[in-house]
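A, B, C and D label the chains in the order they appear, each numbered from 1.
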Amino acid sequence: MIDRSIISAQNDALHDDLARDYTALGDKLSRRGVDIDAIKDRARRFSVAVPSWGTGTGGTRFARFPGNGEPATIFDKLDDCGVIHGLTRATPRVSLHIPWDKADPSDLRAKAEEHGLGFDAMNSNTFQDQPGQVHSYKFGSLSHTAPATRAQAIEHNLECLEIGQKIGSKALTVWIGDGANFPGQSHMGRQYERYLSSMKEIYAGLPDDWRLFSEHKIYEPAFYSTVVQDWGTSLMTAQELGPKAMCLVDLGHHAPNVNIEMIVSRLIHAGKLGGFHFNDSKYGDDDLDSGTIEPYRLFLIWNELVDAEDTPGLDLAHMIDQSHNVTDPIESLMVSAMEIQRASVQAALVDRAALAGYQDENDALMASATLRAAFRTDVEPILAMARLEAGGAVDPVATYRASGYRAKVAESRPKVSGAGGGIV
Amino acid sequence: MIDRSIISAQNDALHDDLARDYTALGDKLSRRGVDIDAIKDRARRFSVAVPSWGTGTGGTRFARFPGNGEPATIFDKLDDCGVIHGLTRATPRVSLHIPWDKADPSDLRAKAEEHGLGFDAMNSNTFQDQPGQVHSYKFGSLSHTAPATRAQAIEHNLECLEIGQKIGSKALTVWIGDGANFPGQSHMGRQYERYLSSMKEIYAGLPDDWRLFSEHKIYEPAFYSTVVQDWGTSLMTAQELGPKAMCLVDLGHHAPNVNIEMIVSRLIHAGKLGGFHFNDSKYGDDDLDSGTIEPYRLFLIWNELVDAEDTPGLDLAHMIDQSHNVTDPIESLMVSAMEIQRASVQAALVDRAALAGYQDENDALMASATLRAAFRTDVEPILAMARLEAGGAVDPVATYRASGYRAKVAESRPKVSGAGGGIV
Amino acid sequence: MIDRSIISAQNDALHDDLARDYTALGDKLSRRGVDIDAIKDRARRFSVAVPSWGTGTGGTRFARFPGNGEPATIFDKLDDCGVIHGLTRATPRVSLHIPWDKADPSDLRAKAEEHGLGFDAMNSNTFQDQPGQVHSYKFGSLSHTAPATRAQAIEHNLECLEIGQKIGSKALTVWIGDGANFPGQSHMGRQYERYLSSMKEIYAGLPDDWRLFSEHKIYEPAFYSTVVQDWGTSLMTAQELGPKAMCLVDLGHHAPNVNIEMIVSRLIHAGKLGGFHFNDSKYGDDDLDSGTIEPYRLFLIWNELVDAEDTPGLDLAHMIDQSHNVTDPIESLMVSAMEIQRASVQAALVDRAALAGYQDENDALMASATLRAAFRTDVEPILAMARLEAGGAVDPVATYRASGYRAKVAESRPKVSGAGGGIV
Amino acid sequence: MIDRSIISAQNDALHDDLARDYTALGDKLSRRGVDIDAIKDRARRFSVAVPSWGTGTGGTRFARFPGNGEPATIFDKLDDCGVIHGLTRATPRVSLHIPWDKADPSDLRAKAEEHGLGFDAMNSNTFQDQPGQVHSYKFGSLSHTAPATRAQAIEHNLECLEIGQKIGSKALTVWIGDGANFPGQSHMGRQYERYLSSMKEIYAGLPDDWRLFSEHKIYEPAFYSTVVQDWGTSLMTAQELGPKAMCLVDLGHHAPNVNIEMIVSRLIHAGKLGGFHFNDSKYGDDDLDSGTIEPYRLFLIWNELVDAEDTPGLDLAHMIDQSHNVTDPIESLMVSAMEIQRASVQAALVDRAALAGYQDENDALMASATLRAAFRTDVEPILAMARLEAGGAVDPVATYRASGYRAKVAESRPKVSGAGGGIV
């Protein structure tokens, strides 16, 4: 963990400038009729879950280039998550991936509590074969043609529910790699029916206070078709399963040019929006750091969420899902959490009464300008002040670097060497 | 109309070669256990509707370059449709567009009967302002913020129902240009609710034996968002409206890379596939001639349709929707109808028992090869024989050119000069 | 023209708040080692040309919905451009389109001088047929198979050079719609050779102090292939023509997902970047207002331009090219010019020494953060102060609205009614 | 190796039907003025190189699912390549990848000769770290900021030249993963200059009768920008390097919707087309089996190649580059080679005189129909007869399966278990 004294020393050095910037911004916002402290409180209430697997260096099918001090166990990963939350105060929950993170539940809870962390949605894995696994997922899992393979995949998901209950999770996210690489390889209709049938068995095992998230993706690892290819199929699935089944939107899982904020709006209309996997992308499921490629898109999504936040029953699970290939994962997760938080705060600055007026009058220019005015407000002083008051760091990356954390854990964690990806 | 003697002369010259090719193909197919005559009968039963507007030269926002003998009235257009059906025997119905095709219903019926034609789905138009129109559709129609504008658009659709009933149509296709060019211009949720509410009023006026087709499109003429942007929204709309509301798929209305045959399969699962607007595209809604850009994609869509053709309740409306900018529209519509027919016949040649076996065994290579074997069968002799036996032309384009039809109508139809498109 | 007193009244009301915000921002920037006045001077030096045709309401192939007070002549358009420049002080040049803007050159110059305007690049038009034109461009212009059609298109471009010389322009932009709608329609190699040959004739007529801009576009109005489809072909063309031939980049003319800032960097390397057509887009050549869809992309392009601004020989022509379908074109052009200016100023705030250091050390996270820190700086006070000091409006849109300009010109300009686009 | 007697037995059973189909097709083609035997000879002369790495099961970043009898060494791979060529007679050369295929050159040559195989282009690998490698390629190789890393990557490429010379290769293909995951991570201009400088050093070491292939790719493994992102950059690189540097086109390395056959035409114009990496794709660099997703696109590319085949100096290197994730790689490579061969033969059937006439007259409909008529000719009897006469199998997949080859090698090759990809 980062020593409190390091955080304080860093914060102290930045405090005066922050206070000045906060005051200037507060003055500006008050002229717009906005109370900066109320916005700051909103920033403090913001949280997004961190994926355990995101703490390790990611890779591509071509290669993986690990860094120093890679976490070797889920307990190492929880330590890293503790650092992330400690400095940003924005990531109080961790999302586990089974079987990668399998461990004694009481040990998991103890380690999490040590860092003030809780557990978010469970993630099952039926897109890889594990050592000793009886049936291969090479040709699918929940939608496989063989009943025994489907049963094995269902069983694995039920086990995730079991583990999750022991650690306080309340949701299961199901993402499968099932699909086809060739036209004709799978009968699309029957494949989907098998998938639905398997999902119904999982749903049947879902505790009453849990939710089941269906996650769509247009392609990869299957390159001709995927079983849950878009939000339409995800919606249809959630409708057939029942009220506890909801749709989860990963920002990188769409066709080029697709208007994601519109999908968000439609799923809200359908009463089926369950949550997000945040990341950014330029081409496909690039899994880049949130807010680094198209920050305005992230803002527009939050614009829909803030607009709808009083919708009865809307209860969203926000998670990060990224692959950190060329950065220190702790740094990327901290920055990403803060970029998502930034977008949520900017969206809260939208003058909604004015916007509604412009929309009613079809004043497209001023409506658009109203959104941009909120977006271009530099809310960094608000985010920093919220962190400071919550016990975090004004500048989490600088503080993290000053702490020498990575070098320290590198001493005890096993060294990992570079490796090829999945291609050969 | 094309003189019978011209058709016969052309057919006679081609007959012997056709007979030889038909026999050779029949021999080959019989070795695969396929009866060529049964396939030929299927080809004869095939039909696709022709859009009245497709008989005129189309254009882009930059320009339109009309040809000689452009049809000036709906009656000219029906004459052209008569030629198309006369030569191909594959297009027995015409789809009208209101108000472009407004005329005395009994005159319409008389002219259609003269050519042995019937009427397919009606198409309403609320994406343009007509002379004398009270409320502009500049900012939307069925989803407009102003109740009076919505009422006008609803009224127009109800009028389409009325006209359609008088000429024997059984369906209304609703495609709107409503959307937004700027983030913020429209409140996406409320805009969709207004659209739904309008559609419900139209649905309420729908005769019992009619169907209402909801057509989605990702963009154009709106360039940031459209109200019915994809099949997910179209499905949700059809679900909310009721059993007579179905989804219509235009092949050019999707995001890049989207797997359209999969959408077809999903809509069949949902019991909501209503029909198609056929065309081809490389970039956006290019409205190119069917089968000229990605013929295998067209085949894969038909593969799904043939596979599901015994599904209870599946009753599809097949229509062409293209823009013929650089060809004689009559020629393009004939060729397009035959390309769609070709794909349907090739799909009927798929060895479905073998395919199902390969799918069950996850023999992806042979499953894929099974589809390709059907696709690469040159079924031209089957199509030509079906046309010949039905009284059409073995080679419709050559026969049409030999007839001098276009030059003849150019004498009586008013000359139209080139014009700019919508940009200035 | 907008009365000076209206501008002053509006500015006076905003002055104190602006001064306060400018001071607060100056304080913040000085802590980063940035002199706000130097940045303000840069903002004042910024300029972008306005397209004459952009002052009229644009449309799509489906429809065009004109507004009140549409400019009827090039002189009306120059009046509108005068308003735009008068309020923003950022658009001192107008780009003409021939034959749309053909008029007596001395009248053009007189009207422009009245508004303190000059003329930017000339634009030729061989994508439409004009009344009385001998050869049609339906099947191409500079690359047409018929020598006479090519000669006519060349002649038109030479005429543009002639007109341009009389009004003080120094560049010709050539964009053609030539291409094909069907595979096979054109022989791609020979079509390009014909294009090159025509361009060489135009180049031969280019005055010594002029430049010829080659503009690429992936599709539309041709939907299978276009002759100058991408920057690779544009570069090859400019290389074959000679040193006065340069490449022009329109932001909406690329395939989905393409990294435009990288093309900018490559063309700078090649010594062939000539200028830009600014606009924004989500799907295709949407021609939306600059900076309204992906503002960070606009910033990243300017990041390349600011980085390379000391490159010997780099002399860029910046123009807006948009279609204003749902807004008052004057408002859209003002806002767009300011958004482009904003991006240029934000890019000037990038700490390039720090960035270079992070790049050398492969500190991807901090390099990326360095760009974002500049981007999220709200430079509105700088832009507004620059306008104020240059005699423009602090808030151009509000001032324009207060002036009642549109209503006034609507009294004298002919009323235009809505019309269909190019489809039928 | 597959026993001759197995091939003969399979061929004998198919011979009579093949002869009948060949005769019928010959009859049909002769009516078009085409000599089937001349086309068959062309089919026999066709060849495409096989990638050594393609004989192993591929994977994605999520997982790899190996099959039975995976090749463990380059000698196993050459055995598999021998089977592929033995049955198809279309793949007489193998392309090696260094360091994966490093071995004693004389052993390599001996094994290749055993199978009647030669060696095609060498492939270097600077996108992965190898055990013991001094400098990591995590942040680039030939364009790395550190001179020592670049020197190491250059040295590796020079070693590839050395190995290649010993085994009779005549070309080096350079594909690098260098790029960036974040805006700002790399200075795009300087990064490209470093790349060019490294390439010049490699080029300096190129033997006189060798060629250097530059291969572009829009993204992956870098997800924001890649150094050689498109054919424009590849062309510029080849121009700067010199006459032995050529551009290589991988069909899956482009932005969505890009017209690849047009790039082929442009590179032919520039005198810089060097060769291909064949595969098929629907979304990104999917590396699917050639001809299985968009067979008409493959045909259109071959249409350009056949059209230009008499261009002086045009000498193309055809290679397959695919990832076989769900099929037996030997089967996929056989089928892919035959699909590429099929497209080349179909393209040879295009009536070029008629096509040129239609193009000159702008008869788009008939020009397009001329291409489709060639494409839909089922040339399978030609391909099969060419194989038969060359000593191959009429039906390579059936013969391969009948031979039991995979089961046999599985007995001696080490078993490999499933594994995760690069993500964790």
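Operating definition for what follows: a contact is a pair of C-beta atoms (placed from the backbone, for glycine too) under 8 Å apart; a residue touches a chain by one contact, two chains touch by 3 or more.
Just so you know, these numbers come straight off a predicted model, no measurement behind them.
Any chain bridging chain A and chain C, meaning touching each of them, is among B, D; the list is complete.
Shared contact partners of chain A and chain B, listed by label: C, D.
Compared with chain D, the chain whose C-alpha mean position is the greatest distance off is C. Between the Cα centres of chain C and chain D there is a gap of 42 Å.
With centres set at the average Cα position, the gap from chain A to chain D is 39 Å. Contacts with at least two other chains are made by residues 138-139, 181-183, 185, 218-219, 224, 256-257, 259, 282-283, 289, 292-293, 296, 326, 362, 364-365, 368 of chain B. Contact residues on chain C toward chain A in their complex (touch as defined above): 17, 20-21, 24, 27-28, 31, 256-257, 259, 282-283, 289, 291-297, 326-328, 331-332, 335, 362, 364-366, 368-369, 372, 375-378, 380, 397.
On chain A, the positions that touch chain D within their shared complex are 53, 56, 58-65, 100, 127-129, 131, 133, 136-139, 177, 181-183, 185, 218-221, 223-224, 256, 281-284, 286-289, 292-293, 323, 325-326, 417-424. Contacts from chain A toward chain B in the complex involve residues 138-139, 145, 180-190, 192-193, 218-219, 224-225, 229-233, 235-236, 254-259, 261-263, 265-266, 268-270, 296, 300, 303-304, 307-308, 355-356, 358-362, 364-365, 367-368, 370-371.
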